[in-house]
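Next come the structures, one after another.
Next come two complexes built around subunit A: one with subunit B, the other with subunit C.
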Partner chain A sequence: MIELFGVPLPALLGQLTLGLVNGSFYAVLSLGLAVIFGMLHIINFSHGACYMMGALFTWMAMEYFGLGYWWSLLLVPLSVAIVGILIERLLLQRLYKLDYLYALLLTFGIALMLEGGFRAWLGVAGQPYSIPAELAGALDLGFMMLPKYRAWVIVASLTVCLLTWYMIERTRLGAYLRAATENPALTQAFGINVPVMVMLTYAFGVGLAGLAGVLAAPTTQVSPLMGSNLIIVVFAVVVIGGMGSILGSVLTGLGLGVVEGLTKVFYPEASAVVVFLIMAIVLWFRPAGLFGKAA
Partner chain B sequence: MEATEYLRVSGLHAFYGESHVLHGMDFTVRRGECVSLLGRNGAGRTTTLRAIMGLTGKRTGSIMINGREAVQLPPHKIAQLGVGYCPEERGIYAGLSCEENLLLPPRVGSGGMSVDELYALFPNLHERRHSPGTRMSGGEQQMLAMARILRTGARLLLLDEISEGLAPVIVQRLAEIIRLLKTRGYTIVLVEQNFRFAAPLADRMFVVEHGQVIAEIAQHELHEKQAFLQETLGV
Partner chain C sequence: MMTATRLKPGYLAVLALLLAAPAVIYPVLLMKILCFAVFACAFNLLLGYTGLLSFGHAAFLGSAAYLTGHALKVWELPTLAGLLLGTAGAAALGWAVGTLAIRRQGIYFAMSTLALSQLMFFLFLKSEFTGGEDGLQSVPRGTLLGIDLSSDTHLYYLVLGLSLSAFWLIHRTIHSPFGQVLKAIRENEPRALSLGYDVDRYKLLAFVLSAAISGLAGALKTLVFTFTTLSDAHWHTSGEVVLMTLLGGVGTVLGPVVGAAVIVTLQNELADKVGSLVTVIMGFIFAACVLAFRRGMVGEAIGLYKRMIGEKTP
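Right after this comes the complex of A and B.
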């Protein structure tokens, strides 16, 4: 059997793809955080809870309504986005004139309420969700077996990231968004309804978290706690990549997923801390993050 | 209200937080007229434009734009009445290219200038269309800030200190453009520190002090009011 640094190649490639899968989740989640931060200048602490809701809604759609994976892929991000609109209209928008800390505390409180609510309802036990039939099985690449669902998660996440980047950087709507981020008052004075854009941006950001939840449902145990387990790493990713940088959050998310996967192969004991170690090193040399601009 | 009135500001008070900046501004601008708000720094001229756009804090009084009361409207609704605003700091977006800046403001009326027409009017902008907004010179940024609101079909232009800090040749070019806009029937409010720029362009001038209009001077009265202007404005 071929070995690399004393590790069998299939094990190495297996961890590499797992790392890419995790990295894809990090990328989609930190992308949502970056989009929200760019426009609203708030750190959305309820992002993990929205990811959890995405996965739970997916499971519930199957359990209670018999709606399969593909329906969920379409409907769940929309429902999570609607929850986002309610949060923004009813609560968050009242805090824009106050210090950013208030919004941070509010979204943290919302996360605790959502998690507590779902835990009281469904318990903490993980619910299984099976991979859709179309994506079951594995592709034989010759040198390794690649589970189809892992390939799908990576491709789907990267596509979503790419489309988001294109929308923000290359379209008229994206120009409105960038303008409103830079100078909201003037942008509104040009006739653009900035408050509605802020609301839709928040909805889009948490909708991305919901989408990550749908993609994650078949790969993990769906439980009310799954968000808080993941979100800490995602925040580290955002800090390493630089707050508010779209491209930075995507590349950092993928990169750190891979680093984490490879650490599991070479030195498993460090795999849980490697991301935070990198965060400390990056902050030491570049306090604004790898892709962030110093204020 | 007379049919020819396009903007009527009456009893306008405006605040920034606790500080009371406008103390009952009163003036009218007729359709197709160019007026200038003159006054010392801090007299409240820039605040008047910002208050018309809804960009200050609390406002009371009345702002009639083309027959619609605007004092309670949010800024985007005010713009949609057909108002184009060119802020003192020019407000060119750093994250957008020159052309993206030009194309950004949505249409607020019919009959705006086409992009080709604007590039003919401001040839520099065509050359710099792919440059990031803030890599442009002060003059180019000012041209862009003007061009940007001419594309939208706005008929009322609020121009804040457009000649400030620019080379004489560019100031001259801006004066030509204002004259052209007057022939096309735009209604213009110029806030100007530069009396020599504003005086030949404005049909009427309002002298602002302590957030109020203290005098109105028509173009033909300029000569006889010279002494008064010298005293209040230091020109």
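Right after this comes the complex of A and C.
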């Protein structure tokens, strides 16, 4: 058996793809945070709860309505986005004129309510969700067996990230969005409905989190607690990468996922903290973040 | 002398009430409230008077709790030395976290402190000396000047004394020239910088002070409950201290104390009745405070009082 640095190659490649899968989740989640931050100038603390909702809705759709994975892939991000619209219209929009701190605390409160509510309803036990038949099994690449579902998560996440980048940087809608970010009053004066754009941006951001939840459902135990620890890692990812650039957040997310995967192979004890350690190092040497502009 | 001449009848009445309280209310609950009041006041020194939102203060509470517990149980140090060691440990950790986190402002500061405290949480989870998921059990309370602290009433007076000292220290800090500079930084950081103040140094000092006092709260908490668990270092606890401060009134001297008393009592009352819905209630209070009640209980009371005596409120 081929070995690399004393580790069997298949084990190494296996952790590498797992790292890429986790990195895809980091990428999609930090992208959502960055999109929301760019437009609303708030950090969405309930992002982890939205991810959790995405996975729970997927499981519930199967359990209560018999709707399969592909239906969920379509409907769940939309329903999480609708929850986002409700949150934005009913609560968040009252705080735009205030200090950033209040929106952070409000979304934290919303996260507690969502997490606690689902916990009281469904308990903390993880629910299994099986991989859809089309994506079960593994591809034989000759040098390794690649589970199809892992490949799907990576490809789907990257496609979504690329589409988001294209939409914001290359389409007319994206141009309006960037204009509204730059100067909301003037954009409004040109006849663009900025409050609706803000609402849709928030909905899109949390919809991305919901989508990550759907993709994650078959890879993990679906439980009301799955979002809260993840979101703290994603915050560290965001501190490392900065929220100024879309491609920057995607690259940082993927890269850190891979680093985490490799740490699991070479020094498993540190795998839970490696992202935080990297954050500390980045704060020390490059306080503005890898892709951020100096303040 | 100075404090004696300034003591107003109101303060004396509160002091008398606090001294007599264990006769009426269960001392352990009172001590828990005092610990969290100290914790919230220390947190408020940062949020209310320096404008820094730390979302990782549980790390300081938890590290001091573990350190004091370990010192008393394994090293068998005297009680006071254990408390001191916990406080000093939290201050050192505060220096390390603060040095890193103040390199970023605003939202990034909050996220960095949260991530760094999560780092500490995982270290505590994996370390041998913390007992991992079981926590550190049966920590001896020891004695102080020959007085046996295993009596709840005896311990109450120690906790009360140290808490009052901590409140006094925070009060003095806020009203000192140093505190004025902190407020200047809160109001307008670039201006404070351009006036020649080394803003980062002031922020770091405030952060270390806040971490140390949070540490004292954690050390006392270990003494009160004779055990420490991971939940002291969990981000939920960091959120709780934000909530206590917000509910009581950010940037008011008494607010965090009131907030801590309300939240601890509420949790105490609700824990058996509603189970995991406690989290929902906490989240709801958060949202309600932020949306409708931003000055907090004490802040609103002060506003009401000022309106009643006909003073204009901003």
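Going forward, the second predicted complex is superposed on the first by the 294 of 295 C-alpha atoms of A that agree within 3 Å, B and C clash if a C-alpha of one lies under 4 Å from a C-alpha of the other, contacts with A are read in each partner's own complex, and residues count from 1 in each chain.
One rule holds in what follows: a contact is a pair of C-beta atoms (placed from the backbone, for glycine too) under 8 Å apart; a residue touches a chain by one contact, two chains touch by 3 or more.
Not measured: the values here are computed from a predicted model.
> Quick check on the superposed pair: does A:235 touch subunit B, subunit C, both, or neither? Answer first, second, both or neither.
After superposing on A, A:235 lies in contact with subunit C but is clear of subunit B.
> Quick one: is A:192 in contact with subunit B, with subunit C, with both, or with neither? Answer first, second, both or neither.
first
> If we overlay the two complexes on their shared chain A, which of subunit B and subunit C does A:176 touch? Say first, second, both or neither.
Only subunit B is touched by A:176; subunit C is not.
> A:272 contacts which: subunit B (first), subunit C (second), both, neither?
So A:272 only meets subunit C here.
> Determine, under the contact definition given at the top, whether A:110 touches first (subunit B), second (subunit C), both, or neither.
Only subunit C; A:110 stays clear of subunit B.
> In the superposed arrangement, which partner chain does A:101 touch: subunit B (first), subunit C (second), both, or neither?
second
> Who touches more of subunit A, subunit B or subunit C?
Partner touching more subunit A residues in the overlay: C.
> Should A:284 be classified as contacting the first partner (subunit B), the second (subunit C), both, or neither?
Second partner only, subunit C.
> Looking at subunit A, which of its residues have contacts with both subunit B and subunit C?
The answer is that subunit A has no such residue.
> Inside the complex, what are the residues of subunit A that reach subunit C?
Against subunit C, subunit A makes touches at 37, 42-43, 91, 94-95, 98, 100-102, 104-106, 108-117, 119-120, 228-229, 232-233, 235-236, 238-239, 269, 272-273, 275-277, 279-280, 283-284, 287-289, 295.
> Can you name the residues of subunit B that touch subunit A in the complex?
Going by the criterion above, the answer is residues 53-55, 74-76, 78-80, 85, 87, 91, 93-96, 100, 103-106, 108, 149, 152.
> Note which residues of subunit C are touching subunit A in the complex, please.
So the residues of subunit C in touch with subunit A come to 53, 100-101, 103-108, 110-112, 114-116, 118-119, 122-123, 126, 235, 239, 242, 246, 275-287, 289-291, 294.
> Subunit B touches which residues of subunit A in the complex?
172, 175-176, 178-179, 181-183, 185-195
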